[in-house]
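Structures given as structure tokens follow.
Look at the two complexes coming up: chain A is in both, with chain B in one and chain C in the other.
Entry: the complex of A and B
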């Protein structure tokens, strides 16, 4: 009887791990909350070593002749803002630092607002003196139709966007007035959180671009696996999640530093602190969960 | 008869035209017209979606089913946002046309529509997404168990990706020279190996399978073999 009780309620370290298996999930929520909050409050930063994908994205934009016409499609909404806005900001700063003429558009209804934020906080903040609406940048806004919009852009931009986001005719905007189709752009870049997004740009847009033109994408972590098959042949650059943003930010700000409000271009690196601690917590939880499982098996005589 | 034949003819002609336009520059302008219809239909889908939202939630309120108060809140938020956005309530006057109310900007923070976006929509959607972290952590503790070989492989892969996606990857193995014979032990190299070879090979197979399925389904629709999209009445 005593032996059976000991097996069912073991003491010592094994007993501790068996009891740990029944841990109230609110403790896990608290631990996750702290692992995110503490690094944010302490402003934990870690150095980022750019990987090949971030370097390829950087090179794709860097190697374009200065003043090229580029199309940036903001295909995400506030749900993915924490993951994607940092790379969008770095992308806009990079393009503007090279003097590229930027056309903004969105395949997601709230993508226009995401682009507006990048225009206000990055383009006009750091490059406002040399960027004039209509000649240096244009905001086309959102257009319903998903991949249908991309398909129309491959043959006739004015058909898809007769006006810009404010209702002004594109024929009166010098930057887009003579842009007939996607072949008019040296670079198309999509910041994408899902459908419609990077995959549709590759499938419907890539082939109508000039062979020397670049197509790059920034994507959420969960979507990235769908895009790996397209890199590097169809997608010339690919930024994956906050890690990709942090690496790309490092490359961009090393070459094109800013003299004020530099934190706006460090959001990816700032978010890597909480991500590190949260990932370590996840690993610890998985290990503890497995130890608890092994301990509880042992306490039941290895029956399972 | 006509209710089924006409949609089938529209689908068949539009589908065939999009295929032909790929090979014949002469039909490109027709393709643009068809895609224009598609984009208009996609915009109309928003109206249909709004109608469906109204129907479902009004039915829930009228039958007093559990959670009807949430349906009422949904409809209230929908109506307020729709009116404020559509009529540009409180829009900031346009500098070039200050007398024309509808020319004003309504999606700036100073206008009610922009305020709803900045202080309600953005925090609410961000919060919903952020809550995933808590549930994933809880699920990882309870369900991610090394019960068999497949689960152990999955666990090992998860550890490599979780570590290599942070500075911990470089801290733990970044000291191994990239050109040494032991470079395969670097977490970033392991991650590249997993994503570029194992994951990409699997994803390519899935993508090719989906593409073949889409092509086959499209042909069945164009040639009228598959009629499941048509109403049965």
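Entry: the complex of A and C
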């Protein structure tokens, strides 16, 4: 009887791990919450080393001749803003720093508001003196139709967007008046949270672009694994989740620093501090959970 | 990991519910005291918001006669020119053109004015205070509606997060609000982005332009647009027939139409981008060389070790995973071993996808915490 009790309730380190296996899961939630909250409050930050995909995105925009016409599609909404707005901000700042003429559009209903925020907080804040609406940037807004909109854009932009977001005819806006189709753009970049988004731009838009034109994407972590096969042949650059945003921000602000409100271009890097701590906690929990499982197997007589 | 009480019961020990309950109550009291101190002891307070209100005024102007006059004409002739041809626009009353005399106010038209509002924190208001002149067009005033909005958002966030403790009525309220608001939102978006501009706008463009969307583009082929719009209108009615007690089969036809057209559109894209281009991308040399520059400045081909590793891993991965999904042959012997390698590749890709998903979810939680700390608690 005593032997049986000892096997069920072993002492020492093994007993600790067996009891750990029965830990109330709410302590884990609390630990995860603290691992995120404390680094936020301490403003914990770590240096970012840009990876090849972030560098490829940077090079795709950097290598375009200054003043090229680019199309930025904001295919996300506030639910994905935490991951995607940082890279959208950096992308707009990068394009504007190169003097590219920017056309904004959205395949998601609230993508227009996300683009408006980038225009207000980045484009007009840092480059307002040289960017005039109609000639240097245009906001086309949201258009319903998912991949159907991309299909129409491949043949006739004016058919998909006869007016801009404010209702002005595109024929009166010099930047887009002579843009016939997607071939008129040196770069198309989609900040994508799902359907419709990067996958549809590759499937329906890529083929109608000029061979030398670039297609890049910023993506949420959840859908990134669907996009990896497209890089680098069909997607010239790919920013993956907040990590990709942080790497890209590093590249952009190193070359094009700003003199005020710089935290607007550091959101990705700010969010990577808590990410790192939370990931370390998760790795530790996975290791501890496996040790606890092995320990509890031993206490049950080695049953598998 | 299992629930605490369940685990304790499995171990045969006393239920661990009481000590846990004390701890959770202690945490809750700590939180409430902290929030109260933050709300009442700090000047920043909680969710305190102010509005920067800017009064914007515009006057209608036209180009002054002197500016309109052809080069070389006399001022008297210019003054006699009909003002109807002058370009009119709304400008700031302090516009430089009015002061310089190149623009003049249009008589009989009152100025228009409106207010813009921008929500700011008390700390930001302190920075702005020195720049705002009393009696000027910009003023700062409390904004209770913004504070209320932050309180609602913060409480709903906490209600949702309360689910990690256990299912409770607060969570259910927040969940129901989310579902209801989302359903209503998508209905409104669908109505205003599709039904009104694309269906009603084609059938009765003048009516839509007059009462709903003044910016509806003018079509060059209104008759054709209206005729074509009857197709989706008819299909829509057929789809709704499903709700009728009889004739449910009628709704099958629009569903078949939607499935057929969607499959057709998707098929072309998938074959081109996901099959052909992926095949091309997979057909690459196993041994990779890159162009480089030799010691004497001459062009040389250099062995690319990591490029070669990448190519080999890619080809092995594609072939082994395809073998795993090839069920016409028993997975024994060499085929079985190759399929086993394929499973490893699949597991690694699932692990990568899981890691990316975790990163995305942590970012969402992180942003909610940022909102609670910066917007709600004003820390």
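Observations on the structure shown:
Simple rule for what comes next: the second predicted complex is superposed on the first by the 304 of 304 C-alpha atoms of A that agree within 3 Å, B and C clash if a C-alpha of one lies under 4 Å from a C-alpha of the other, contacts with A are read in each partner's own complex, and residues count from 1 in each chain.
Basically, a residue touches a chain if its C-beta (ideal position, glycine included) is under 8 Å from a C-beta of that chain, and two chains touch if they have at least 3 such contacts.
Just so it is clear, the model here is predicted, and its values are computed rather than measured.
With chain A as the common reference for superposition, the partners chain B and chain C occupy clashing space. In the superposed model, A:144 makes contact with both chain B and chain C. In the superposed model, A:248 makes contact with neither chain B nor chain C. In the superposition on chain A, contact is made by A:25 with both chain B and chain C. In the superposition on chain A, A:74 makes contact with neither chain B nor chain C. In the superposed pair of complexes, A:152 makes contact with chain B only, with no contact to chain C.
Of the two partner chains, neither chain B nor chain C is touched by A:126.
In the superposition on chain A, contact of A:160 is made with chain B only, not with chain C. Contacts of A:206 after superposition on the shared chain: chain C is touched, whereas chain B is not. In the superposed model, A:40 makes contact with chain C only, not with chain B. On chain A, the patch touched by chain B and the patch touched by chain C overlap at residues 23, 25, 28-29, 32-33, 36, 79, 81-82, 143-144, 148, 151, 166-167, 221, 224-225, 229, 241, 243, 275, 278-279, 282, 289. Of all the residues in chain B, the ones that touch chain A in their complex are 28, 31-32, 35-36, 38-39, 42-43, 45-46, 103, 105, 107, 117, 121-122, 125-126, 128-130, 133-134, 136-138, 140-142, 144-147, 155, 158-159, 162-163, 165-168, 170-171, 174, 188, 192, 195-196, 199-200, 203-204, 207.
Chain C meets chain A in the complex at residues 1-4, 6-8, 10-13, 16, 20, 24, 27, 164-165, 189-190, 193-194, 198, 214-215, 217, 265, 269-270, 272-274, 277-278, 280-281, 349, 352-353, 356-360, 362-367, 369-370, 373, 379. By the touch criterion stated above, chain A contacts chain B in their complex at residues 23, 25, 28-29, 31-33, 36, 46-49, 51-52, 77-82, 110, 112-113, 116, 143-146, 148-149, 151-152, 155-156, 159-160, 166-167, 221, 224-226, 228-229, 241, 243, 272, 275-276, 278-283, 285-286, 288-290, 293.
Here chain A touches chain C in the complex through residues 8-9, 19, 21-26, 28-30, 32-33, 36-37, 40-41, 79, 81-83, 109, 142-144, 147-148, 151, 162-163, 166-167, 169, 200, 202-204, 206-207, 220-222, 224-225, 229-230, 233-234, 240-243, 271, 274-275, 278-279, 282, 289, going by the rule given at the top.
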